[in-house]
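Let me begin by handing over the structure; questions about it come next.
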Amino acid sequence: MNEASPTLRAWVYWWLERPDRNADGPRLLEIALIALISLNVGAVILETVGPVYARWQFAFDLFERVSLLVFTAEYLARLWVAPENPEVQSRRKWASSPLAIVDLLAILPAVLGMLFPLDLRILRTLRMLRLLKLTRYSPALGMLLAVFEEEAGAFLAGFFILVLMLIFASSGAWLAEHEAQPEAFGSIPAAMWWAVATLTTVGYGDVTPVTVAGKIFGAIITIVGIGMAALPAGIIASGLNDQLHRRRASLEAQFRLALEDGAICAKEQAAIEALRKELGLSRRAATHIHEQVRTETLARQGVCPACGRSLPVFESME
Amino acid sequence: MNEASPTLRAWVYWWLERPDRNADGPRLLEIALIALISLNVGAVILETVGPVYARWQFAFDLFERVSLLVFTAEYLARLWVAPENPEVQSRRKWASSPLAIVDLLAILPAVLGMLFPLDLRILRTLRMLRLLKLTRYSPALGMLLAVFEEEAGAFLAGFFILVLMLIFASSGAWLAEHEAQPEAFGSIPAAMWWAVATLTTVGYGDVTPVTVAGKIFGAIITIVGIGMAALPAGIIASGLNDQLHRRRASLEAQFRLALEDGAICAKEQAAIEALRKELGLSRRAATHIHEQVRTETLARQGVCPACGRSLPVFESME
Amino acid sequence: MNEASPTLRAWVYWWLERPDRNADGPRLLEIALIALISLNVGAVILETVGPVYARWQFAFDLFERVSLLVFTAEYLARLWVAPENPEVQSRRKWASSPLAIVDLLAILPAVLGMLFPLDLRILRTLRMLRLLKLTRYSPALGMLLAVFEEEAGAFLAGFFILVLMLIFASSGAWLAEHEAQPEAFGSIPAAMWWAVATLTTVGYGDVTPVTVAGKIFGAIITIVGIGMAALPAGIIASGLNDQLHRRRASLEAQFRLALEDGAICAKEQAAIEALRKELGLSRRAATHIHEQVRTETLARQGVCPACGRSLPVFESME
Amino acid sequence: MNEASPTLRAWVYWWLERPDRNADGPRLLEIALIALISLNVGAVILETVGPVYARWQFAFDLFERVSLLVFTAEYLARLWVAPENPEVQSRRKWASSPLAIVDLLAILPAVLGMLFPLDLRILRTLRMLRLLKLTRYSPALGMLLAVFEEEAGAFLAGFFILVLMLIFASSGAWLAEHEAQPEAFGSIPAAMWWAVATLTTVGYGDVTPVTVAGKIFGAIITIVGIGMAALPAGIIASGLNDQLHRRRASLEAQFRLALEDGAICAKEQAAIEALRKELGLSRRAATHIHEQVRTETLARQGVCPACGRSLPVFESME
């Protein structure tokens, strides 16, 4: 890959990475890529339906070849323009970023499948990884993923409790049921299938305890299951709350800075709006924060927030 | 529709739209309409029970005709009086409001069914849309719908994660089980039925993995399922918290304004009570906020909130 | 019921209603009553097991008679001593309180069963109502019930959404499946059994859609079901948060009052401890609030919370 | 156990209890112990698989003997070095701590099994208790367990409501179904199996109501079930929120103390970092708190947090 003219590289960068979020052309390219990824996933799903694949095999194979070409070109182009991005700079740094790895995973299995004889069914399933390319285009995922990242400790602790409960539940069920149902509860690993379905409140019902001891033990595990299933809900709720709290505080600080001189000028307004979108806060939430900061600022300056007149100073006590 | 005397229109407006929430007559009309909608839905439900419909066919058909007449009259009347509403003014604006569209959907299928030959069963089901007319009368829905609206971004991101998980789960299950159970897991679309039931922790159990690989993969998906099912709970909890926080702040501001002169007069009391009802806050919450604002205001004025005497000023440090 | 000597009545009141929470005798009586209620419920449960009842019928019947006598005596005694309670005063007021109605429900069915010939099985089930008598002894229930009471509006709105979804789900399933499965989906009321199990994520699996249209529609309803099941969790989480917030503020105010003079005396300590227990807050939470209020109070008085020395006043700017 | 030289005891203490968290040797020993515990649990699980145990019986038995030896030695060593720990001091106090009891439970069943003839299957299951030894190494569990401990009252009240609902649900189902399904609903205890699976939204579906009355009652119980399953989620969410709030306040106080002199020195930085880890807060959360406290401190000192210059004092009103 030779160093091409920086002007062409900058132009490709502008088309692919959209540094200017409002440009129309790159937006259309983005939509086209999203459509291609979705069609790819749809094709993999449909190929597994025997009669459909038998009928349209040629079209499916052609579509796969074209898609592979496009995705490979996209990967190489993104690699090439990486130095244009002031936040990335080196190609090595871009290639080791999560988004680049996802892009590589989207083409690697098919390329390997051309070079070595691989099981076609597994190859087909690996093409599903192209779905991950969509994460690039979903800014709304940011807050949820931030919650998962920050609460990773709590989720891990919850997972440890789940494993503990799982092992105790399957041990108990095995002890109570292995004589009555040697098939389904003959060993602890076998009993785990029931334990997982019960502790997660899924409850398939394909395997259930039948002895009195097994049913009593099963009922206790079932009740513990609600607590188990409640843990992630609690962690997510608390984590989202925390995120919102912190994001709101960031916007509040921006509003306070802008209001320090008494009014918000057009430039400050644009900066606030950009921050609001980046933080994923609703317009209504922003208006509420604005109102609060304004009231507070006015009060600090000795002006009544309701009527705008100077507040009297309470000096009767001095 | 000619322009009738404004007095008659104002009178119909007063009866239908209840600008004065305490009037008795319009309240009775409202209850009658709620009853009619409920009876309509009940009738559609009962009509699908073969023997009941065979026995009372005439009554059911008559009731449907009368209902259609009433709902059509209601729609036309609401359209006519729209200009009376200072918030709506033009009929075009009213006709494109969500509530008006719901009113139109309640009569349109039946009217179309009279003009064109349509499948009676589908027509019957579409009559269920009349149920949506009830949303007009449930002010309590407001806060919940506001949460869904404001957290739409988070819900969408959650839905995207669900679709991602769904496709991966069904691909994996298809790979593991399609030989052992060609009926239920023969293709990825077929395996999705199991994946949906598992990831949402519904767990019908009509289709479950039977191979060892399938069970291990299924157990992992089941555990991921608790996280999946927890996402909306977390989003709703966090969103409701946020709403409550903001609504409480609105009431607080009103209390602060009213208490600026030291006491709450009857007019201020009424304004606060109206705002409290509009915001859907409990009386106990309002009392709590009142108490807090009062303490704060008194402290700012140098008066002890407990005994009402002037507070000493700490000047030892100067 | 004639007016007995007030001394005897005060004595019975002291034993039954425990105005002094630390007395030992009434505490034992309370435990005995709790045991009797639990044994009663246990007896009703065991009576339904055929062989057990056949074997011990005489003992069961004797126990029921004795229990009925005790509960009747308890009800009459509580009614008699009602005027001793400064918060209740009149017997009429006590008799219409929720706890008194529960006490009456515990004896009424058995008394009626003696006078009129009633179905024995229903009578037996009604004896289960005695279980409600236990609510009197569970102060921990207070906060949860307060949440249900305050969030009643949100729960109602959630229930309305559930009914709406239920009717749409069963209509759709009926439309899609009534030909393939005339037994389970033959009418909308029949299809509701499937809709309830699905929307609540219970998922029995005794009835599931089999047609392609039914499965696609079912999958959508299943996904909506996670949202449905998430609503109450969100409402409870947000409500409990709100309760905690408010209760903590109450304790904070008490601490602030006590710390106004710089230290907490023994009497203030006791008052705070009583309030803490009444509010159901943990000791650790109380310590945290104490710490915060102390820091705040010291800062307000110009003393460093860490070392206890006077803080310098920042006057460089004047 | 005679009093050995304090130098050896201190050395063993340093290896086993890791007072210095950064030492490498003790860290390796810790990892070895974690691996041994995990292998033990894995062995118990595999031993229940008939063919595997038949094939490797000797290896399994040898591994069990060695493990027992190691765990016994570990217990005795920890008991011996207990006086070295300044927080524990006496061996009696250590032996009655939860972690010591878990250590004892890990060896006691096997020791008793050597002395008395006990059922081998139960003995095997009791070896699962060794899993609890892992809790020592999971600091992340702290916050979750603190939530369970502090919210114990709310969980108990929730459990009481569950028991109440359980008894009512099984009584009603017994009344409605005991004639149609004498096997599954023949007595209230039998009906409880269905009631547990329904109220926890597990919904096995092995037993479901078949009569119309039973289905209507079952549907009501199913809907109540979502509320039931939501309770723990709500309690955990609210409890975690509370914990986070309090932990954040602790870190905030530390920051405020460190910033009192205008800057954070290296020693203060280390103290804050240690507290942050102990409280299990993320680095991002700490940065946010730092920012907030800094802004607040500067504002209090009359300096603009954005530019660092002295703020003007608003005196126009005097």
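The first chain written gets the first letter, and so on, giving A, B, C and D; residue counts start at 1 in each chain.
By our rule, contacts are C-beta pairs under 8 Å (C-beta built on N, C-alpha and C of every residue); 3 or more make two chains touch, one makes a residue touch a chain.
As the structure is a prediction and not an experimental result, all values here were calculated from the model.
Over half of the residue-numbered contact pairs at A-B are shared with one candidate from B-D, A-C or B-C, namely B-C. Most remote chain with respect to chain B, judged by CA-atom centres, is D.
Residues touching across the chain C-chain D interface largely differ between the two copies, under half of the numbers being common to both. In this structure, the chain pairs A-D and B-D differ in their number of contacting C-beta pairs, and the larger number is found at A-D.
Averaging C-alpha coordinates per chain places the centre of chain B 38 Å away from that of chain D. Rounded to whole angstrom units, the spacing between the C-alpha centres of chain A and chain D is 27. Counting partner chains per residue, chain C shows two or more touched chains at residues 201-205, 229-231, 233-235, 237, 241.
Residues of chain B that touch chain A in their complex: 150, 153-154, 156-158, 160-161, 164, 167-168, 171-172, 174-175, 178, 186-189, 198, 201-205, 208, 215, 218-219, 222-223, 225-227, 229-231, 233-235, 237-238, 241-242, 246, 249, 253, 257, 260, 300-302, 310-311, 313. Residue ranges on chain D touching chain A, taken from their complex, read 41, 44-46, 48-50, 121-122, 125, 128, 131-132, 134, 138, 140-141, 143-144, 147, 162, 192-193, 196-197, 200-206, 228-229, 231-237, 239-241, 244, 280, 282, 284-285, 288, 291-292, 295, 304, 306, 314, 316-318. Chain A contributes residues 201-205, 230, 233-234, 237 to its touches with chain C in the complex.
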